[in-house]
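First up is the structure itself, then whatever we jot down about it.
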């Protein structure tokens, strides 16, 4: 398994927003990826999370779902750069784009395009028993919807936290504080029914 | 390599404060541990960081320096629980306790007992070229001292950020926000002179 | 008008949680209280916000609604201590306890006991045109419910922010960082229909 | 006395960074301004803090020191807009620009141009017994220097906290979280020697 923690600037980026390194690390750690895991990344963006996940999974497969063509191109480029042949980019919108994807050990939900309830229903079924779902929320609506839907399902265990990172930037003789936007991370584990 | 992210409650804890999981994950990711790495953990406390590091390093050795006897006992118990035979507890205060320890790939500085400048001098010398030092600061003094000392050394690259975690706790029908104390993490990489 | 900013330890406190000073200041400033304003404080707790509001309103009246008898006793004691005779403690639960209270310039909603939607309906009607409602949320449910209900009402302007305060505490030679729990503050202004 | 809390967008702004409303409110509340207070604002920028202070002080005088000509022009324009004739703009650098200014009840230190130790010495002398100094820090160096210098002076009481504000911005059907940079606020009260 490779160590976590590719630097943000190592990824090829376009105009698509990218999850920042500190958040990517926490989401990946919460996913507890093991060698051979099948992984789905919904709203894969530039592919930064998919590629880190692919490097953890090694012999497993990562399905990177992204609805923007520009995103798919970035995922292809970044997967080539980091030689993660096990990243499979899929152009489309969830939940429809999930058709035909095998059951997964780990599912990341990073973008929902307003269809979060349907996506959560679909991925709840796709997740293997013992599997982990990691939802990242940058809006109050995603956070509250994810909590209320997943906490209502008895077979899932839900844990959540918010994280606020402040980068320190040296400017001449001073170290300035620069806030990144806060993100909430909801981790859901599927137990026996 | 094992996945990161042992839960806080899995560790045996006494009255010694323990770095929280989210911070441990970020510190470990910043350390970019590889199989076989030699690691020093100064102010090892309950050993939570040492044990996670030992599981990453696998064939490498971790030197866990702790000045409280209670801490050493917890490190021994936790190392046994997690079967990390490569954790070596050392009772003593840094920098004196560093005598005889080999040069390291990764050095964590989590506690300094008021001797941060001397400790930073000692570990700067002990760190291998290309090695990473990860300093966690819970006081303004540790943060500002670590930045000013390490940024003044030309052969070291310094990066720093603060992280504030808010745990979400379900209480009957509500999800309450509970702040953990903020921590600053300073990562230093040793380059060629 | 009196300056804002009574220290937390100046209030008589029991076992009832008290809004911290920094949050009280921000809530009061967002309320833009003017001399003579009629003010309602729902979930008044120890009365700390009511008393600060009463000192701003001066010739106006503050109706402090609290459902715990212990809270009412603390409000009475604190109002006596700060000589704010214009604080009127009302034992009861909102929205029922709002019966008979006049239309208000400022309404604080700090506790809802699970009846937030009904309370917001009631206070939306009680608020004068041009009046300000300030809702403090310590749970995700209060935050998301308050936003979705109030943003759906066309005659109200809604503004919201979260605040995370970190107290700095001197311990021997060090300044330690101690987080207070984050709070979200939603400010609603009632416009012309 | 006027209520606190002018909105950011009400001030005329140029390219000079402006303290955000939430921070301005907290700094002003910590200053406990009373009618008639003499106030000094070092690093006045656009004058936003000076103008709020002038509206609190009413019959008192505010000395707004700013080293950039562009800042002075903004202070003049904003003082005219808010009709605060008691704001006195002074072009120059502290501590030199403090020559001839009377002893003050309240001193804000918002910018130091690298001369913080000299400025703190000068304003410590200029502050009346019982007066309050409010230092806002956006760098680690300002924070640690202000704490170490002021905590070493026996006749001053020092209190400090950090504040991180997250604005909530409605974007179509979602409420997005947008972090403002964290700021530390150090409040110093001068006691009897």
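Labels for the chains are A, B, C and D, by order of writing; each one numbers its residues from 1.
The rule is short, and it goes like this: a residue touches a chain if its C-beta (ideal position, glycine included) is under 8 Å from a C-beta of that chain, and two chains touch if they have at least 3 such contacts.
Note that the structure is a prediction, hence the values are computed from the model and not measured.
Using the mean of the Cα atoms as each chain's centre, the chain most removed from subunit B is C.
Each of A-B and A-C has its own count of C-beta contacts, and the greater count is at A-B. Centroid to centroid, with C-alpha atoms defining each point, subunit A and subunit D lie 42 Å apart. Once the centre of each chain is set as its mean CA position, subunit A and subunit B turn out to be 26 Å apart. Remark: subunit A and subunit C have CA centroids separated by 38 Å (rounded to whole angstrom). Shared contact sites, meaning residues of subunit B that touch two or more other chains, fall at 140-141, 147, 162, 164, 166, 168, 175, 177, 182. Interchain contacts join each chain to each other chain, per the touch definition above. On subunit C, the positions that touch subunit D within their shared complex are 1-5, 22, 25-26, 28-30, 32-34, 56, 147, 151, 158, 160-168, 170, 175, 177, 184. Interface of subunit A with subunit D (complex): residues 114, 138-142, 164, 166, 168, 173-183.
Considering their complex, residues 140-141, 143-144, 147, 162, 164, 182 of subunit D touch subunit B.
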